[in-house]
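Shared chain: chain A. Partners: chain B in the first complex, chain C in the second.
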Partner chain A sequence: MREYAVLGAFLLVGIVLPAAVVIGGWLLGPKRANPVKNSTYECGLETVGETWIQFKVQYYVYALIFVIFDIEVVYLYPWAVAYNRLGLFALVEALIFAGILVAGLFYAWRKGALAWF
Partner chain B sequence: MLADFIETIVKILVVVVVLLTGFAYMTWFERRVIARLQVRIGPNRVGPEGLLQPLADGVKLFFKEDIIPAEADKALYLLAPMLAVVPSLLAAAVLPFGPDVTLFGRTIHLYIADINIALLYFLGLGSLGVYSVVLAGWASNNKYALLGGLRASAQMISYELAMGLSVLAVVMLTGSFSLVDIVEAQAGGRWFVLMQPLAFIIFVITMLAETKRAPFDLPEAEQELVAGFHTEYSGMKFALFYMGEYIGMIVISGVAVSLFLGGWQGPFAEQIPLLGVLYFFLKVAVFMFFFVWMRATLPRLRYDRLMQLGWKVLLPLSLANVVVTALAVVARDTGFFGLLG
Partner chain C sequence: MTLEQGIFILASLLMLGSALAMVTARSMFVAALWMIGTFAGVAVLFILLNAGFLGIVQILIYIGAIAVLILFAIMLTPDVMGLKPGPRYTGQWPLAAVMASTLAAVIVLLLVRAGNDWHIADAAPNVTDFAVQLGEAFMTTYLLPFEVASGVLLVALIGALVIVRDE
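And then the complex of A and B:
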């Protein structure tokens, strides 16, 4: 538990530091806001239309594949850490599991989910 | 108890100060080295060899106006730069940067915390790093920023899988997630880069992608996206993104060194602990130079190529590496090689 308490203290320092930097910058910097300065910067052109729109679906597909594979990789972690003690049995199991992973990747590939267009 | 407390506080402060100094001087180092590689001189006016340049930059940024765009989502806009620093700073907690030191009759471990899930902790914080980029891109309400944020998130999640799998091979060899144990396992020059060259190469490539450095700096891509996700940021908030990026570079180099290059191990490091610390920092410095060198050498990848590299090359390769390592470990433990010879 002690180690986690130390991490907690470190987290505290990690939060205070950027907060202090932002507050310091806010205290020291000039504040001369005007509507033009606060408008959206798009290389001098007036911004056209909404920014928060429904966006390219490809990003979503990648996120979906990522979630699937990330969970599969997470399952491999406890296996890897105990691998020294498990021996041949763990190897066979992991080969089956990795086979499923590869099949899944191949399926996504063939379905065109990994293509960028 | 009190001594423990003081020791912890001192260690935390030292690590934070070293990382902040490292960040400041990394900006100077990068500009000087890039300049040399492009046959320029680089900043050399402020102080001898431009050594006071980071200080001057810091002071300048403190006195810059903090502009919040009228259209932005204010709360998230404020939160994003802070989120950029917190995970990369926190990841430093599990880095062992030297052997145990005896000082005033106390044994002092040169790491902040040795938790048994150190690598998971590091990978988890790496994933959290995506949030700052996505939130900054989205909250700015700027089309360039949004594009940069989305690209960054897709890129970081694509390379995280390969990174996780390349680390897995090292975990299988040591049977531990703790970086302290992993460094101990590499005593006597048995560096894991020798046993896991492929995992090392994959880790180095994904490390560039995770820190959004060239040739994977698509999220910033200044020629097409102005400054990507931090287009609308100014003053100290802008500096925080850089702080997060550079501290992230230092910490991830530290992890790479601990995983593959023996951490603080080296000749006589056990006898003279300070030598161990020196080895660690020298190895990290080599990686820092590597980051800059890559930036000066390689052109930026096209976005579809970047995604293809992550999913169709690095992911299958790292998976194959895990399987081969599994076979090799079993062959070693069951004496398969012994049967042959």
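And then the complex of A and C:
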């Protein structure tokens, strides 16, 4: 459990530091609002349209493919950290594992799931 | 009260509070964001139960991928986006109350029957050592399930794409 102390400290700093910046700015900054100041800031560009719009279906397809390869990472991580203890056999097995999924990516690509239109 | 107990109480409060906020949120998008809080609490519980690898997987898969997928699914739904937040209660709430009460009754029954007979995992090796052991197990004893998992993921990918492309 002790190994998570660093993680806990990191989490604490990650919460406290942004909160301190936001609260500090709110406390110290002058508050003289006008319509331009209250408008949405987006990279210095004028915002277009509403905030709550329906997104393109491509985002969903990308997210689906991402979920699959995210799970692949979980399977390959134990293999990667044990790599030095394992032989060539394990490398071949991992390549087969990844190869099967690359076939899936190839399928998605050929079906146009990766196209943006 | 030990440090572990304090962390457990904080994580439980995070989970229960997020779950309550999720089911009472009037916007589906906000509900999905609260769900992430519950996922984070579950990750802390995994770590407290000496299952650190599962805790990291919980963050990587459930917060990093599943929650994003659900948020995208909501953002794709025209009936949800662009509308005013829906009602807090619908006609389904009596049925939902019956289901939730039944589940709660089953859990309480199991807790009572278990009594003091609780087991948690022995002090686990640290996450990296555990991952090394897991990797060796994948490449020896559990090689076939490891490769079959790849096939399952492939089927899931192709199946999902077929369903999405048809619509």
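Note that in this section the second predicted complex is superposed on the first by the 97 of 117 C-alpha atoms of A that agree within 3 Å, B and C clash if a C-alpha of one lies under 4 Å from a C-alpha of the other, contacts with A are read in each partner's own complex, and residues count from 1 in each chain.
One rule holds for everything that comes next: contacts are C-beta pairs under 8 Å (C-beta built on N, C-alpha and C of every residue); 3 or more make two chains touch, one makes a residue touch a chain.
All figures in this text were calculated on a predicted structure; none of them were measured in a lab.
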Mind working out whether A:111 is in touch with chain B, chain C, both or neither, as first, second, both or neither?
-> second
For A:93, decide between first (touching chain B), second (touching chain C), both and neither.
-> second
Can A:24 be said to touch chain B (first), chain C (second), both, or neither?
-> first
Touching partner for A:63 - first (chain B), second (chain C), both, neither | both
Scan A:80 for contacts with chain B and chain C and give back first, second, both or neither.
-> both
In the superposed arrangement, which partner chain does A:3 touch: chain B (first), chain C (second), both, or neither?
-> both
With the two structures laid over each other on chain A, which partner does A:101 touch: chain B (first), chain C (second), both, or neither?
-> both
Chain B and chain C footprints on chain A meet at residues 3-4, 52, 55-56, 59, 63, 65-66, 70, 73, 77, 80-83, 85, 90, 98, 101, 105
Chain A partner contacts - residues on chain C that touch it in the complex | 4, 7, 47-48, 50, 52, 57, 60-61, 64-66, 68-69, 72-73, 75-78, 81-82, 126-128, 131-139, 143, 146-147, 149-151, 153-154, 156-158, 160-161, 164-165
Spell out the residues on chain A that touch chain B in their complex, using ranges where they run on.
-> 3-4, 6-7, 9-11, 13-15, 17-19, 21-22, 24-26, 28-33, 35, 37-43, 47, 51-52, 55-56, 59, 62-63, 65-66, 69-70, 73, 76-77, 80-85, 87-88, 90-91, 94-95, 98, 101-102, 105, 109, 114, 116-117
In their shared complex, chain C is touched by residues of chain A numbered 1, 3-4, 8, 50, 52-57, 59-61, 63-68, 70-75, 77-83, 85-86, 89-90, 93, 96-98, 100-101, 103-105, 107-108, 111, 113
Quick one: in the complex, what on chain B touches chain A?
-> 8-9, 12-13, 16, 61-71, 78, 81-82, 84-86, 89-90, 93, 112-115, 120, 138, 140-144, 146, 150, 153-154, 157-158, 160-161, 164-165, 168, 171-172, 175-177, 226, 231-232, 235-237, 239-240, 243, 303-304, 307-308, 311-312, 315-316, 319, 322-323, 326-327, 329-330, 333-334
